[in-house]
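Chain nomenclature is as follows: A, B and C, assigned in order of appearance, with residue numbering initiated at 1 for each chain independently.
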Amino acid sequence: MKQLVTLNINGEQHEIAISPDATLLTVLREDLGLLGTKRGCDTSACGSCTIHIDDKAVYACVVYAMSAQGSEITTIEGLGENGKLDPLQDAFIEAGAVQCGYCTCGMIMSAKQLLNEEPDPDEEQIRHAIAGNLCRCTGYTKIVDAIKMAADSGQKGQSS
Amino acid sequence: MALPELKEFCMPATPDEVASLLEKYGDAALFVAGGTFVHGLEARGFLPGVEALIDLRKLGLDKIEKGRKGVTVGASVKFAALEGLPDLDAPAYGALHDALSYPPAQIMNLATIGGCIAASCPFYDVPAAFLALDGVVTVQGKNSSRELSIGDVYAGLFENSLEADEYISSLFLPKQDSGTSSAYIKLETNANDLALVGVAARITMGRKNKISDARIVLGGGLNDTHKRSAAAEAVLNGQQASDTLFQQAADAIDADISPISDHRCSAEYRGAIGKVYVRRTLQQALQRLD
Amino acid sequence: MSAADIIGKSVLRPDAHDKVTGGRGYPVNVRLPGMLHGKILRSPYAHARITGIDTSEAEKLPGVKGILTHKDVPQKRFSPVFFCPTGAKSLVRDLVVLSDRVRYAGQPVAAIAATTEAIAEKALELIDVDYEELPAVFDPEEAMKDGAPQLHEDAPDNVAKNPAFEFGDVEKGFAEADHIFEGVYQTQRVHTCYMEPRVCVVDCDKQGHFTLHSSMQHIFGLREKLAYALDIAESRITVVKPPYIGGGFGGKLDIGYIEILSAILSEKIGRPVRMEQTRYEDFITTARHAIKVYLKTGVKKDGTITARAARSILDTGAHATHGAEVIVVHGLFGVTFPYKCENKKWEGFTVYTNNMIGGGYRGYGCPQGCFAVESQIDEICEELDLDPIEFRKKNSYQKGDPHPFNPAWSLNSYGYEEAMDKGAERIGWSNRKPAGSGEGTRKRGIGIGTQGIWVSGCMGFPDIYEHTGAIVKLNVDGTADLASGTVDLGSGQITMQTQVAAAELGIAPENVRLSYADTDTVPFDAPTHASRATYSSGLAVKAAAADAKRKLLEIAGDIMEASPDDLEVVDGEVRIKGSPDSAMPVGQIVQVAESPFIVDTGEGYEPSSPPQHKGTIIGTSSLAPPENPTPATALFVEVEVDTETGEVKVLRCVYAHDLGKVINPNAAEGQVEGGIQQGIGYALMENLVFDEDTGACLSSDFLDYKMPTAVEMPREIESIFIETNEPSGPFGAKSLSEQCVTVPAAAIGAAVYNAIGVRFKELPITPEKVLRALGKL
């Protein structure tokens, strides 16, 4: 028996009928066509599904969509404004941090929380912030570079 | 990956609503908090017959209240919110500080205090610290509530001692005596791993460098639940702190461990690391007081 | 902008913008109207006969549209491996899509298509299968013994393949040796862990034409294999080339059960069928083979190798698939070719067991060989007090030597020694201390691992595809469309192709766009594997671009009244050499060629004098590369061992690699850094583990299968690219991407020895093994 749920995603309200045990991951992908959040495993360990609930990075695959009512959900599609990319997205491109790209959106969402809370992180803080995100292509080096680059550009933006 | 018999996802707002849901579904109801443990069980096919999921987040159990005697943390409080605990940087809370440094952000933002204790999972880190800090939970039933020490919550691997109509509503961490320090170390293969071995140590240092009120909590695969080592604690209490004493306490845990062997590592290895970690956590706790 | 401004520059990846905003192009995103969802029922038993299978209850479930068992599918035996035609002698055709004989735990026994995934999953539980369990064998050497269960009728002693090579006279060589070293080296099964799961959507239309979308490393192989398995003409199948896929690493180099079963279901039902594997299914679908190497080397006291003899036992699991070829590559490149020595002998066995089927994985047999060969050299040097770098130099090939794989080729570019020298300097090799000599409980060590002979593609293997093509079409706005069958796995094929095409054409890389491609519309291309894309696909793209440019200059010559030989393309403009003012934008020339007989002067259209050549400017190529030039690699690592817990941490890596010419430095570094992540996982923690009695996989999710996160990686990874300018390669390039995965285990093993004086001959080197070896357990 499907249940009605209203979800606030990237600032928009969506009212949909879903299975009571549907996760946010399946709802985003299958009901709402938001394909940027990805499935890479089945046991909340790979991070490809990372999104924000109330600005906090979480695994969409373990959040029951029903639980997410009343929260502000942000996916990769919600980053950037007025056609401009988020500084993290720019940095990932510039630093060469994107290879197959499957982990990329999850990485960016994890990094986004870090930079929101710690605008000038050191390398260890960056690596810990993405410890819940697996990547098989990059060895993480340029992902760390990209996050530092985005942090630095944020710092410059602040002081100018 | 679905729960095929699931009929309803519920978010009750009062204990009465919880009670009537439990009335309706009985054993076929399952509480869910952050969801990480429930999904882990679901992924491995351990949840047949669940007809209702009861999400506790609307019950208002998300407060942290500091009082004279200690701090009360609501069961729905997330790990990340504990980083705002006033005493987290104090040596006494070292074990909790250390335990919270391990999980990746996504777990910090989802996992709850109530959930991680009710899971009765020895591979978790944060409950080890709570046990070392003498945490006491309040368990809410249909008509009444009761208190349990964390150790008494555990009935076995993934089994808690709560009745079917009970849920954890809060955790109380008593104020720690001055001169108290603690630490926690975990053995993991990568940074997103459950504890292969986890040890928490708490000591209170008195005059003449003597230890009182020691807690040694053994976790990971050392037993099927988090468990204090009475033998190690007996070695420590009343004695002067030294590396030799710490090694003796470490060796004593053999009486209190029944480690598992699995495809990750053997019981023998776990036991050996358990001892190394008892020594290291004691050393770290002592160092924190400097 | 000249070629020099494009080749060797860290041009931004054209696909990055799409990927950072969500990534539309993954096959996992494909949805077709009316699509059904498929699921597979898998055997819990490792070895069994299906004596009955009853799907009647499942058929009744509303929403179920089709069910397949072994009774419903062709029983034609095939090999799923993409890179050879299915009938090739190298391959062993021992697989049928659904069988009544189960040979590994997890083998598909039935498939269902239903209107939702949930219904398909529920229906699986309603299928009733009667199994007669058979005795199983899980160890390849046990499987080779008399009395072991026979897994395939035509493989006595369960040996699917038994290649052997011999050069010179090993008896004489060993007789000449001052010392003989023998060792047994065992590597483990690991998974590629591509992050995008295996997934496909197959749509059979009313005329019986199949269209496939799949996360695979080869579109033409997929077509050929499906045609073979279903016994239909290839022309009835179109495989769409995905814009890119989410990782492959060799684990998507064979047709899966999902593609074949989805095709059969789609044809039967008349609707598209989608199947996406769970992570558990992916873990048991493909793995790097476990190989046991018995290695014997004879050396003179000055370190000259006089003879080498080896025997390798490869556990291929239930079916030969890639095991048929990995054993050969392993035997040749992993064990025999490294180091010059006249007297070599090797024998390999690809052995059936009731384990999961192995597959391709970066290095393809070489990592297993490199670990054995390099570890033994390290041991030889310790015993005989020889410097590990000098030893390798003494026995290495030299530039100009005949290539061991094909003596008709020469090593025209060879930077092996330079790689070792440069790497040694950067790691501080001269500061290396004697093994185990550090103080304290945390001990550090430095080690080296090298690979002197590898491939840039598959030239030289007679029945492996090695030709590629491309189509370059010029547009009226001065851009170029590039159509190519080369699948981008994430390793940067798109970027390389745009750079090569742009450099050849004389336009900016951002003006080259990868366009739609499928097996109907582009020339044949071999898979993206064997480190071949830059060398082979690069050559094809360069040739197609050159063809387009030739045609462009012919037309330009008509318009500008000059000989094409006097024209060049610079910065997107055609001009007479030495006369920059004569420039005409490429787009304008295209426009004149394509338009009716008028030209856009910028102020309106005016009649044009018709050039002799009219039409769309398209350049094409379809070619085989001339050779198979070898890269050369040396990796130096520094590790720290916690001797109280056995944990090994990799602190620093210096990776030196002769790749001929760097096309894109940032992308090349990225390949190295990623390869080192895989290499560290292989050396220290990754292991696909199975129940000893039932063969069930115990490590089929990321909770139990551990690979390095950002926290476990060394904080310093330095890449040194040595440019020896390979004459046969596009702009001098040869290959990069596999060796960075091949060498880490050997280098880490050597570093651990240097740290604690204990040698490991088995992977992974886990903390428990270290503690045990230190005598502390």
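Note that in this section a residue touches a chain if its C-beta (ideal position, glycine included) is under 8 Å from a C-beta of that chain, and two chains touch if they have at least 3 such contacts.
Given the structure is predicted, the values throughout are model-derived calculations rather than measurements.
In terms of inter-chain touching, the protein chains here all touch one another pairwise.
Contact tally for B-C versus A-B: the pair with more C-beta pairs in contact is A-B. Averaged C-alpha coordinates give centres for chain A and chain B that are 28 Å from one another.
Each chain gets one centre point, the mean of its Cα atoms, and the points for chain B and chain C are 44 Å apart. In chain B, the positions touching at least two other chains are 1-2, 40, 43, 191-192.
Shared interface positions of chain A, i.e. residues touching 2 or more other chains, are given as 19, 42-43, 45, 128, 131-134. Each of residues 118, 278, 701-703, 707, 709-711 in chain C touches at least two other chains. Residue ranges of chain B in contact with chain A, taken from their complex: 1-3, 6-9, 11, 32, 34-36, 38-40, 43, 53, 55, 57, 80, 103-107, 109-110, 191-192. By the touch criterion given at the top, residues 1, 3, 19-21, 23, 42-45, 47, 50, 53, 56-59, 61-64, 66-67, 69, 110, 113-114, 128-129, 131-134 of chain A touch chain B in their complex. Chain A makes touch with chain C in their complex at residues 19, 34-36, 38-43, 45-46, 48, 76-77, 79-80, 85, 89, 92-94, 96, 98-105, 108, 123, 126-128, 130-144. Interface of chain C with chain A (complex): residues 10, 12-13, 15-24, 26, 28-29, 118, 192-197, 244-247, 249, 278-280, 489-492, 666-667, 669-670, 672-678, 701-703, 707, 709-711, 713, 715, 717. Only residues 1-2, 4, 40, 43, 187, 189-194, 262-266, 268-269, 272-273, 276 of chain B touch chain C when the two sit together in their complex.
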